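Each structure below appears as C-alpha cells.
Two complexes are shown next, each including chain A; its partner changes from chain B in the first to chain C in the second.
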Partner chain A sequence: MMLDEWALIKPADQLELTEAELKEEITRVLTANNPHAPQNIVRWSFKERTYKPILVIDQLAVHFVMEGSLVHQDSDEGRRQMAKEGVLEETLTVDTGVGFDEEEPETSVKINKHFAELNSDIYSSASKTDKKELKITNQFNFSERASQTLNNPLRDKSCHTEPPPRSNFSATATQWEIYDAYVEELQKQEKNKEKQKAIQTKENDDKSKKIMLMETQSNDVTKVGKAAKILERMVNQNLFDDIIQDFKYFEDESDEFRGQKGTLLPLWKFHYDKSRGLSVTALCWNKKYQDLFAVGMGSYDFNKQGHGMLVFYTLKNPSFPEYIYLTTSGVLCLDIHDQHSYLVAVGFYDGCVAVYNLKQKGAEPVYKSTAKTGKHTDPVWQVHWQNDDMDNNHNFYSVSSDGRVVSWTLVKNELVFTDIIRLTLNGVISEGPEGAQQPYIACGTAFDFHKQIDYLFLVGTEEGKIHKCSKTYSSQFLETYDAHSMAVDTVKWNHYHPKVFISCSSDWTVKIWDHTINTPVFTFDLNVAVGDVSWAPYSSTVFAAVTTDGTVHVFDLSINKYEALCQQSVVAKKTKLTHLEFNPIHPIIIVGDDRGYIISLKLSPNLRKEPKVRAVQSFQTRISADLQNYILFREDKVMPDIHYSGPTKHGRKQMAH
Partner chain B sequence: MLTHSRIQGQKGVQGIIIVNSEGIPIKTTLDNSSTVQYAGLIHQLVMKARSTVRDIDPQNDLTFMRVRSKKNEIMIAPDKDYFLIVIQNPSD
Partner chain C sequence: MAGTGEGKKEEADYKRLHSFPLIRHTDMPEEMRVETMELCVTACEKFATNNESAAKMIKESMDKKFGSSWHVVIGEGFGFEVTHEVKNLLYMFFGGSLAVCVWKCS
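Up next is the complex of A and B:
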C-alpha cells in the first residue's frame, strides 16, 4: 500500500487514453500455440497430385536439449559394462541408494558410515568369484532378527490293519486239465444258449433250486453209484473167476471121444431173493447188449396168482439184478425191441400189456393197457415187437386166451389197440339158447412171426391147433395144422429156413413142420411134458427143448435125426424147467425153472457144429424121397460174428468181443 | 439193497473205503489207521495213474484199477468226485 502514496509517473511515450477506454476490459487469452510455428505448411500429395495444406501443425517448441551419459543397468549396454568392471556396478547401486537422500535427511550421518562399510564390503566381495546377488536391504532401517518357533513334539502314529485273507493255491497244468477247462467252458456256453432259448418260469427256477439243494445234501453214498457198480462187477469177476474162464475158453475135449453126443456145462446161477415163490415165466436176451437178459416172473398156477416181477440180469454181475420192476400181476411173457433195446413189452396174467422203458428211472411202465383201452380178458401168453409202422410208431402184437391177436401201437403217450384176428374154432357149431350159432373162441397160447415175410405169422391154440395167419386177412386163416393133442406151448419159425417151424406141447412131443405141408416133418417124443423149445441162432438144424422133469434136450438134425445129442438134467428133481433161450452170440443157453432160478449152461463143441454149406448155391435143400428124411441146410452164413469153431486160437479170438 | 452193502457181503471182501476227491476217507468198513493209510497212498496212486492216462489222450479217462498182490487184491474205481476202494482176498 505504500505504492499508492507515490504519485503515478507517466512515461513520456505512454499512450493517451480516456478513462472510458481505460476501464475497457480487454480479454487476453493464453494458448499453448507456438507463435513461431508456421501456419500454412503445404505438402505435396501424390494422390491428388497437388499441393495440399496441412491442417494440423505441430506446436511443439523445443527450448533446451541436453544428452545425458547415464545408462540403465538392465539394458544391454549396462550389463556389458557391469560384466567388464564389477566395481562400477557397486558404485552404481550406491548412486541409486544415494537417491533416497532427499526423503530422509536425518540419516545423512548414517549414510557416510554406510558408505564406508559398503566400500569395505565391496572390496571383500569383489574377491568372490560367485556373482551372488546381494540382498538389497534397507540401508537405513535394517537389522537382522531371528526367532525360533516352538517345535511341536513329533509323535509316531501307526495303524495296523488285518492282513487280507490268504489261501494257498496250487495246481498242475497238464494237457488234460486244459482240455477239461475247455470242455467246461463249452458246456457253460451251451447251457447259456439253452437258457436263452427256453422261457424260464418262476416254477422252473424254484424246481431247479430244489434240485440243486438235493444234490448238495446227498453227497456221500448215492453219488458213488457208478463207481460202486463197476466195483461190484469187479468183485464178482474175482469171485466167479473160474466160471468166467470156463465161459470164455473152456471147450470140452472129451467131445471128440463121445461120438456125436455133447454136454452142457453149468455156468452161473442167477437168483433174486425177493422173487420167492415165483417161477420164471419168460426169458429174453437183449440184442444190443448180449450179456443182458430179461426174466419175467410170475406163476403158472391158476390158484396161486399174486404179484409178479420183471428182472434184468447181466452176465457180468451174477449176484444181483441190474433192473428190477415189481408188478401187480404175474408176468407171463416179455419181448425186448430189436433196435431200441431199452423198450420192453410185457404181458401179464390179468390180461394187461405194458411197455417199460429201461432208460427212464421210474418203477412204473411207460405205457399200460387198461380195461378201457382194450386189454385182454384172459392171460396174455405172448408178446412180440414188430417193425415200426409207416408213421414210425413202435408197435407190438399180443396173443391171449381170449382168442384175440391184438396189435398195440405206441402213439405218443398211449397204447392204441387194433384187433388183428379173432381165433375161432373151425367146424364147431353150437346151438345157443336161442338157437343161434355161436362160434367158439379159441384160446391162443403162442405165436411167432416169420423172420423174412412180415405179414405171416403162426398162432398156437389151447386146442392143439396151429393156425397160419396173415396180418392183412383178419377173418380167415391161411392154413390150420392139427398139431397136438394138448395146448401148444411154443411155436417158433426157423431162423434161416423160410419154410420150417417147430412146435412143442404138453403132450410130450416136439414137432417140426414145413408150412406148406399139413403133417409134421419130424416128431420127437420126449416122454415128458415139454415146456419150451427154441432154435439155435447159429445153425438151422440145432434146437433145444426143456421138459418138466428138469432135463434139457439138444438136437441137431444134420447129425442125428432121431435122438437128442444131449439130454442132461440140470436141476434137482421136482423142479420144472419152464423156459429156454439161446444167447445170440455166445455159446450159452439160459434155462428158467419154476422156483425162480435161472441157470446158464455152456454148449459143448459137439452141439455147436455148423453145417457145411453145399457147393454152388447158398440156399439148397436136399429133398429125399421120404419126407421124414428132410435135411435142412443153412441159407447162408447170415450172422458174421458167430463162428463157433473148436478150441483153436482163432476161435478164441473171435469169441472175444 | 444198496450196492455198497452188497459188495461188503460178498465172499472174500475185507473192506470197502469211499474216499473223496481230496483224499479224505468218507466211509469205511476198516479200522481208522488202516483206512487213513490206504486212502492216502491209494489216492496218490490213482492221481498218478489218471494223469498218465489222460496225458496220453485227454479224451480218455481211467475206469478202474486192480492191484493184485500176493495176499490180496485192491480194486479201485474212480468216479468224478469220489473213488471207491475194495480190498478182496480172491483166493477164498
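Up next is the complex of A and C:
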C-alpha cells in the first residue's frame, strides 16, 4: 500500500518487482530474537568430548554504555560524602529520605552534589538553614523594559465664511398686471409734469418778484441775511473801533481850561452812494431803538427836483443803511412814531404824505395819500405823529405850502384826511385889479405841538409869521407872532418849559419866545441863514443850531445868554448844513448837509451841563406827565427866568455820568 | 366698426406708450440697475421673438460683468419665488407684455 502511494519515488537500487510480487502479503512477526544472532554456534564440550550446539544464544546487543556518578546515600560512599558535606546532606537525607528509607530503601534516591546545587533555589526556600548560596548568573535570566514619550494632542479646526446675504422675492407676471403697472406709471408721469409746470410758473413769479426787490432793496438773500448782518456789524465794529471808544468813553479834558466853551468831536460819517446828488432834508431818531435814525433825502432846490430816498442808519453799522426806500418824489420831512417805532410818516415835495412800515417787506409805503384823498398841492414841510384817536387809530398831522394843516388817520387800508386849519394872511389886503377881497393863503413851513396842552400848536409860515393855533378852531389863530423877515425854517417847543418855544429862519436869526408874549425873549443873530434848531433833551437851556456855512452852534442860556458856547465848522466849505437832531439818550447830535452826508458829533462835557436844583417843589408843579419819561435825571432842570434882565447865577453841576 | 377702430387705435397707443422699460422691483445699486436695464432692453429687442435666446444673452452678459451665477426668466406670464443675493435682483416689465426677472444666486 505504501509503495503504491509512493511509487513515483523509487530509489535506484529498489528491486524490480511484479504486481503479483508486490501484492503478496508478507507477514512479519516481531520477536525478541535477534535475527542476526548465529543459530548454529557449537562449542567444544570437554565433558562429552564432542561439539555440542549451544541452544541459548545471547540476544542482547549493547549500543551505549556510560558509567553513572550517582551514589546511593545509604551506601558507604554516600555516607562518607554526606559526612563530608555536612548538615545539608544530613537534612536532605532526613527530609527526603524518610519515606524512602522506611518503605523502599532499595529505591530511595541518591542525590548527588550537582543535583543538590541545581535545585538549590527550591531547597533553600524549603530549608530552615541560614546558609546562603551564591547566586549563579544565568544568561537567560533577563527582563525587557520600554518607555514612551507623550505624544502631542491633536485637534481639529475649521471655519466658514458667511455666505452673501440672501433674500426671497416672489411675484407673478401676467399680462393684466403688466398692463396695470404701465397705466399707473403713465398717470404718475402726467401728474409730475403738471406739478413741474406749476413749480416753474411759481419760480418765474418768484424771480420777477426778486428782480423787483433787487431793484429797490439790494439782494434778497433771506437765508444768510441774518448771519451776514451780524458779520457786517462785527466787521464795522472792528473797523470803527476807535470811534466807538470815543463815543463811549472819550471826554474832552481840555474843557476845563476852556472856561465855558465846549467842542464837538466828530464821530461817524454816514453816506449812501446811491443817494449822491440828494441833500439831507429830514432827520429823526427812533425813540425805541436809540441807535437807529431815519434820514429823508431830497432837494430844496426848485430846479433840481427828482426822486428822493428814505434811509435808516444805525450807529452800529455806519457803512451801510439798515433800510432803504426809493421814492419818486423828494422827501422833505419824516417822523417816527413814538410808541410804534416801525411806523414812519413821510412828507414829499409833490404834496403827498405816506406811511412806511419797517416790519413789512417791499419798497412801497403801506399808506399814501392821493389826489382823491386830499393830498397837499404843495410840498409838505413837516409831519408829526399824534396820540391815537378815540378809535385807537393812528394819526398824524402835516403842514404844507398850500396853507393847510391836515390830520391824517390810518383807517384799515386808507388814509383819511381832515383839514384842521387853513392859513391865511391876516391883514394883507388883496390888491387885485378887480379889488376883490380874497383871503391870501399863507404857506406853512413848520409846526410843532405843545408837549402838554394837546390842542395847542404853532405854525411857522413862509412869510415869517408864527401862528399859535388850536386844533379846535379852524378859522382863527390864537396868536400871531411877527417873528421873522423870511421863511420860518423850524419852530419847536421847549422840552421842559411849557411856555417857551424857539424858532429859526433864513433871516440869520434864532429867536426864543414865551408864547404869552408877542415879542421874542432872546434873539441870536448868527450872521448866516439858519437851517435848523433843536432843544437838547437833557437840559431846558441848551439848544443847537446849524447854519448854511457849515457851522454848528451850541448855546446854553444858563451859562451865556449872548454867545454860543461852541461854534464849530464841521464840513468843508460851500457845504450847507440843513438839519440837526439830538439823540434822546446819548450825548451826540447828528447833522445833515446838502450833499447827503450825515455826521454824528459828540458834545464835550461843557456843552451838556445840567442846571443845579433850585426849587424842586415849585418846579415840579410845572412838570406834567410828559416829563415823566425823562424824570430820572432831568427833573432838576430849570429854565432860568428869562423875563428878567439877568439869569440867576448859580453854581453848575457836572453831569453825573 | 367704429368700436373696433377705436380698439385698434387704443392698442396702437398702448403699444406706443407702453414700450418703455418699467422697473417693477429692484434692490440693485443705481449704476448696476441702469446697466442691467439697458442690457435687458437690448436683449429683448435683439431677440424679440425668442425669449430663450434673450434670456441666454442676458445671463451670459451678467455673468461676465458681475460674476456668476445669474439667472434670467423672460416671459409673458409666469409666477416665481426665488432666493437671491441681496442687491442683485431686478424685476422689470418691457414692451408692454414682457416680464423680465434677473437675479443672482451662486
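Quick notes on this one:
In this text, the second predicted complex is superposed on the first by the 389 of 657 C-alpha atoms of A that agree within 3 Å, B and C clash if a C-alpha of one lies under 4 Å from a C-alpha of the other, contacts with A are read in each partner's own complex, and residues count from 1 in each chain.
Just so it is clear, a residue touches a chain if its C-beta (ideal position, glycine included) is under 8 Å from a C-beta of that chain, and two chains touch if they have at least 3 such contacts.
Note that this is a predicted model, so its numbers are computed, not measured.
When both complexes are overlaid on chain A, the residue A:Q39 reaches neither chain B nor chain C.
In the superposition on chain A, contact of A:D241 is made with chain B only, not with chain C.
When the two complexes are overlaid on their common chain A, residue A:T174 makes contact with chain B and with chain C alike. In the superposition on chain A, contact of A:R166 is made with chain C only, not with chain B.
Between chain B and chain C, B touches the greater number of residues of chain A. In the superposed model, A:V224 makes contact with chain B only, not with chain C. When the two complexes are overlaid on their common chain A, residue A:E232 makes contact with chain B while staying clear of chain C. Legend: residue contacts after superposition of the two complexes on their common chain; A:L186 is shown touching chain C, with no touch to chain B. In the superposition on chain A, the residues of chain A contacted by chain B and by chain C overlap at 172, 174-175, 178-179. Within the complex formed with chain C, the residues of chain A that make contact are 164-175, 178-179, 181-182, 185-186. Taken together, the chain A residues at the contact with chain B in this complex read 172, 174-176, 178-180, 220-221, 223-232, 234-236, 238-239, 241, 319-320.
Against chain A, in their complex, chain B makes its touches with residues 1-4, 6-7, 10-13, 18, 26-27, 51, 54-55, 58-59, 63-64, 66, 73, 75, 77-79, 81-84, 86, 88, 90.
Interface residues of chain C, counted against chain A in their complex, comprise 14, 17-18, 22, 24-25, 75-86, 89, 91, 93, 96-99, 101, 103, 105-106.
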